[in-house]
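Shared between the two complexes below is chain A, which pairs with chain B and chain C, respectively.
Coming up: the complex of A and B.
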C-alpha cells in the first residue's frame, strides 16, 4: 500500500477547506452582541412557545391532558374559541389578539419523564425551533432538571405539574415559576382532616416514589401527621414506574400499621392503590381500628384509572373542575366543548401558566426575559379558579386555595369521581420562604 | 513509527471524516438537525458506539452493560466540576481514569466467560451499578433527581483564581463556554470524535487488532497456537470502557446534570442497536448508526400531525386525512415503532448494517458494462 505524502499544495488546500468549515457556523449565531435582547426574542409576526410534556412513560395520561390544555390556551390567546379564562382573569392585559400583536405558535416535545430526555427536547425547542419559553412536565425530577437548564439558557420555565418542595425550595431558579401547590402545603391541608376522620392515635406506613417529589412529600406528610400525634412505622421507597407493588404491600400487613400513605402519582398510584385494595387492606382491622389508605396527591385522571379502589380515599388536589366559581366554570365549559371531557388539575395548571406568561409579556410590553420575570414576581391576580393568588417573589411559588378531596362513593358518571371535603384558604397554606433554603440566582439576559 | 501502518486510503478517510464532522452544521441543515444540542449528541454517541465496536466488532464479545461506563464517566466528570474546576480537561481525564478502573474490574470478572454468559454478566453488573446509583449511593449520585452543580460546591481550583459569579458557573475550556448551548460545545465533541476515530483506526489496522479479529473467528485456535487471549480481550474491554467514559464526560461537560437513567439497560441496548444498525466491525458504521438513532429520537419524535399535513399538502383533501392518520402512527411518540421497523428491515436484508448497504450501492454504480456478474459483497459481518 502506498504511504500518504503530504505536499505543500495539499496542505494549503486542506487548510482552506477546514477554515471554511470552521467559519461557516458563525453565520448562524444571531444577535450575538445586541443590547436588550434575550434568547429567542421573536422577530417575525409569531412567537413560539415550547410545550414539553410526557407523551410516554408513567405520567403519559397527565401529559396528554396538559397538551390539550396548552393547545386550548394558544387558541384562546389568539382570539379563537370562547376565550376561556381570559374573560375571567383579573387584572388582565390580554386582548385575545396574540401577545404584543404577535400570534402564538407552539412546538411540542416528549419528556419521557426522564431528565436527560426532557433536557434534550427542551434544548431542541430552544435551539432549533426558537421557543421563547418552556412549559409543562408532570414530574418534579424533570421540572428541576429542565428548570436549571432554562436558567442556564436564559429561557423562562413555567413549570407544569410538579409538587415537590424542591422545585421552589432548594432548587428554585430565577427563570422558573410554579403555579401548582406543593407537598408541604398538602401536609398542612390534609392533617386536620385526617385528625377529624381517623383520630389522633394512628400508626402510618409510607410507600414513596423514589425521587425528589416522593422524598419531600413523605417528609412533609410525616411531619404534619406526627404533629397530630401519629407515629410512623416505616417509610419504604419504591422505584418510579415499578408496575407491580405486591412485594411492597405484603409487608404492610404484618407491620402493625393501621394507615397506609401512598406517596405515588400517575400510573404508579393507580397500580399501588388498586393492589392495596385487592390485598384486602381496607377490609382489615388493626389495633382495633379500621385500616385506612391515604393518597396525599390526588387527581381525577388517577381516579379514573383506579376505578372502585378510590372510593372513600382522602387526598389533596390543586383544583377541581366541580368548583363553583366563574373562572372554573368558564374553563371547564370551553375545555369540555373542545375535547368532550372535563379538564384535570394538570390541564388547569398548565393552561393557567400559559396565560400568566402571556399576560406578563403584555404587561411588561416586551418579550425581554428579565422584564417578564419582573412582571411575574409578586403578581397578584384572581379569577383563575383558585381565588386570590399571589406569585411570591422570594421563591416563585403561587399561594392560593387548595382542596382536600375524597373519592366519591356513588359517582354520577365517569368524570364525577371526587368530592371536595374542604377548601383550605391561602392564609393557612402560606409559609416562610426561607424554610427550604435555595437561591434564585441572577436574572441577567442570555444570548443564544 | 506511529503512523506507519496507515495507508493512503486511511488518511483520505480520516481527512474526509474530519471534514464531514466539522462541516456538520452545514451538512445537517437540510435535515433539520443542525442545532448544537443534537450535533453534540451525534458526536458523543458516535464516540460511545465507536468504543463499543472495538469490543463487539473486533472480538465478537457482546457486552450488554456498556452504559455503566458512560454513567461512571459522567458522574466522575461531574464530581470534578463540583470539587475542582469547571475546566473540562481535568473532568475528561478524571472520567477516563474512573471508567478505565471500573472496566478493568468488570472486565476481569466477566471475561472469564464468553458468549451469552459474558453478555448476561455484563448486563448484571450494569443493572447493579444502575440500582446503586439510583438508590443506594444517593449521597454520591443524588438518585433519580440527578447530580447537579450548586453554588455551594467547593471548586477548590477555581476558587484560587477568583470568586464565583452570581449564577451557576458553566463548564468551560480555558474561558470558552462549553455548556449552556452553542457551537463551542459541539466543536469540542467533534474534535474528540475525530481523535477517537483516529485511534480506533489505528487499532483496527494494528497487529493488536488482527489478534482481536483472530479471537472472533476462532478463539480455540488462537489458544492452540500459543496465544493467551485473556489479556487481549481485557485490553479491548478496557479501551472500549475508556471510550464510553470519555463520551460520559463530554455528556456532563455539555450538559452538567447527570441522572442514573443513562446507566439503565435500555441505554446499553441502544449502543448495541447503533452498532448493528450501522455495521458492526466497520469503522464508520457505528457512528452512522448512532446518528440515525439519535436523529429518530430527537427529530422524528417532534413531528406532529400538523407537520405531516404540511408534508402531504400536495395530496387532494380526501386522500390527505387517511394518509396523515396512517403516518402519524410512525412519528411523534410512535418514533420507536419506525425505528423498530427500520432495524428489522436492516437486520433481515442488510446483515452488515448501513455500511453493507452503502457498499452494495457503490458496487452497483461501479459495475462493469457487461453487467452479468453478481456483486461480490465485501466482508459481511453477521450480527452475532
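Coming up: the complex of A and C.
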C-alpha cells in the first residue's frame, strides 16, 4: 500500500497545472462569446425589428407609408403574400422563411420628427422590446441623432428617408446605413435639367427648413446652380413645421429673384408651395422671364397634398412607382393590393432597407452585428427598383440611379401626379467619399 | 412700396386672427372677471367644426368597377361623395364651400359649448383668485386638446378654400393703383371677415339694449344687479358669444393654417400678449393691439430688417409688450382699476 505524500513543490506544480487546465476552456469560451454576441441577439424563435417612424409632425404622411412598407416587408420575409421584391432581388440569400430560421416580429415607435423623441423611442425599442435593429424615419435631424445612439448601443440602424449630406458625411457611423440618395446627388442630377429648362442666367431665392437636411440641400443646390451661372439673391431659413409661410413668401415677390427654390419637405413643402402659388409667384414675370418654383426633393405624397400647385414643378426623387423595371412592378403590385394605393419613395426605401438587413444576416449566417455590417459594406445588388446598386463601404451610402421628376400637367388620377424627366445613372451621381469628411468609427460588438 | 403694402396686408391678416381671439378673451375678462386660458382651445374647436363638417360632406359611396383595373392590378374603386350623389350640383357646391358653410354650423355648436363651459365650470370660479381661474381653464384647455387629439389624431388636417377663392387676388389692380400687388383671395376674405365680426360684436355691445346692459355690468356689476337685471344670465350669454367669435374665427382660418389639436395654444399666448398690450378689459384696445402687433410682426419678417436684427421676427411681439408695459402699465387703452386689486 502506497502512501500519498504531497510536498510543497508538488503542490505548487499541481496548482499551476490545474489552473492552466481550468483556464484554458474559459479562454476559448470568452473569445467565442465576444465574437458571436452583440446587443439583443435573438434566443427564441423570433427576431425583433424596431420601426421608428414619424407618426406625428410635419412628416407624418411619409411615416405612415413607411410603416405600411415595413409591415409588408415583414410579411414577405416570413413567407406570406407574393414575396414582393424578394423575388426580384439579385443576389439574395433570402428564402421567405424568416431570417436564419427565425420569424420576424416588430415593434414601432413615434419619432414625432423630433431628435430627442426619436432617440427615446429607439432606446425604448432596444432596451425594453429587444429590437436587434432600428429602421425608418423621415428627417435627417432624426436620422443623425438615432444613428449616433445606435452606434453607442451597437445596434444596426438602417436609415429611412434622410437626404442630408451629413448622414453619410460628417455624421456617418459604422452602425448606420443609408439607401436613400442625398442632397449632393440631387444637385448633380437637377442642375443640367434646370439649365435646359430655365437657362443659365437666373436669380434664385431659397427658403430652407432650418435643420441639417435643409442646410445641406441649400448648400448643394446653391453650389450646383451657381456653377451653372445662376446667382443667389437670398437664402432664408424657416422653422420646421411653420405652417403659415406667408411672412417668408411676401419678401420673395419684390426681391428681384426669378426662381424660388423650396428646400422644404413633407407638409412644410405642401404648405409653402401652395402658399407661394396663392401669392401669385407662378404667374409673375421677373427680369423678362417667367417666375419658376423648384422643389429639389419631391415625392408623390407631397404632390397629393399640394394638388394643382405641383403642376410643372421640377425636382428629384429617389424612386417612383411608375418605373418600368420588374422589381418596381413587383413591389407596386404587392403594396397596391395590400393598401389600395401605390407606394411612396419613403415606403420604397424602408422596404428595401428591411430586406437588405435581412439578406445581410442570412449571408453572414448570424445576427452578430459586426458580421452583418461586414456583409452590408461594399455589397452590390440589383432588382430593387434602382438598377445596379452599391452600398459603398467607405461611407455606407448607396449609389444607384436617381430621378429628375416634374409635376404632371394632366394626371390620370390622384396617384399619377409626377412624370419622370430623366433617370440619372449611378456613375454621374458617384462622388469621392472624402469630400464630406466624417469617420465611421469602430464596429465593436456591444452588449445591452 | 409694393413690399410695404404687402407686409401691411400680411400684418392685417394675421392681426385679424389675433384681434378676433383677443376680443373674446377681453370680453370674458371684462364681464366675468375670468382669465380664460381655454379661449385658444375654443378657437381650435371652431376649426375642428370645419374639419368635421368637411369630413361629413366627404363621406363616399364605393362601387367596384370590374371592367377597369388599377396600375397594381386591383379592380378600380369608383368613389362618389354621398352629398354629390344625392344633391347633384348643389352637393358639389356645398362640398366646395364647406369652410364658409361650416361657420353656420359652428355658431350654434360653439354657443352651446360656451354656455356649457360657463355653467358647468367657470361659474364656480368667479369669486376665486385669478391664479385658480388660470389653472382650471388651462386644465380645461388641455382636456379639450387631448379629446380632439384622440378623435382626430395629432397631425394637421388641411382644409381647402372654395375653388373660386383659392387663387390670387391682384389688389393693386382691384384698387385701380395700376400695380398688381398679388395677395391670396382667401386671406383677403379672412381680413374682411374679421372686420365684419369685430364690427358686429362692437355694434351689438354699442347699439343694442342687451349690449348696453352688458357694458353697464362691465362697469358696475352690483348696481346693474340692484336694478333688477339678471346680469349673471347675460354674462353667461356673453361667454357663449366669446366662444362663438373664437370658434368662427378658427373655422375660417383653416384654409390658411391646417388645424391640429395644438393650434389654439399657439394663438393663445400671442393673444394674451395682445390683450395685455391693448389694456386688460378694453375691447377697442384688444382690436387695435391685435392689428398693430400683426403688422409689426410682419414688418419684422422683412429681410432688410432681419439682416440688421437677426431673429427679430420671433421676438418683436414680446419686445413691444415689454416696452408698452414699461411706459404704459395699463396697456394702450387699459382702464384704471382693472386687475389692479
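Note that the second predicted complex is superposed on the first by the 413 of 448 C-alpha atoms of A that agree within 3 Å, B and C clash if a C-alpha of one lies under 4 Å from a C-alpha of the other, contacts with A are read in each partner's own complex, and residues count from 1 in each chain.
The working rule: a residue touches a chain if its C-beta (ideal position, glycine included) is under 8 Å from a C-beta of that chain, and two chains touch if they have at least 3 such contacts.
This structure is a prediction, so every number in the text was calculated from the model and none was measured.
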First, second, both or neither for A:426, with chain B first and chain C second: neither
Contacts of A:103 with chain B and chain C, given as first, second, both or neither: neither
Chain B versus chain C as contact partner of A:250, first or second or both or neither: second
Touched partner set for A:275, first chain B, second chain C, both or neither: second
Contacts of A:392 with chain B and chain C, given as first, second, both or neither: neither
A:56 touches, of chain B and chain C: first, second, both or neither? both
Touching partner for A:75 - first (chain B), second (chain C), both, neither: neither
Shared chain A surface residues [contacts with chain B and with chain C]: 55-56
Footprint of chain B on chain A - complex, ascending: 1-4, 14, 17-18, 21-22, 24-26, 28-29, 55-56, 107-110, 114-116, 119-121, 123-124, 126-128, 141, 144-145, 148-149, 151-153, 166, 171, 210-212, 237, 239-240, 439, 441-442, 444, 446, 448
Complex interface listing, chain A residues touching chain C: 55-57, 60-61, 234, 236, 243-244, 246-248, 250-251, 253-255, 267, 270-271, 275, 277-281, 283-284, 305, 307, 321-322, 332-333, 335-337, 340, 342, 415
Chain A contact footprint on chain C (complex, rising order): 2-3, 6-7, 10, 13-14, 70-74, 77, 153-156, 158, 160, 166-168, 170, 180, 182-187, 256-258, 297-298, 301-303, 313
Of all residues in chain B, those that touch chain A in their complex: 6-12, 15, 18-19, 22-23, 25-26, 32, 34-38, 41, 134-135, 143-146, 148, 151, 166-168, 170, 179-183, 187, 255, 257, 259, 261-262, 297-298, 301-302, 304, 332-333
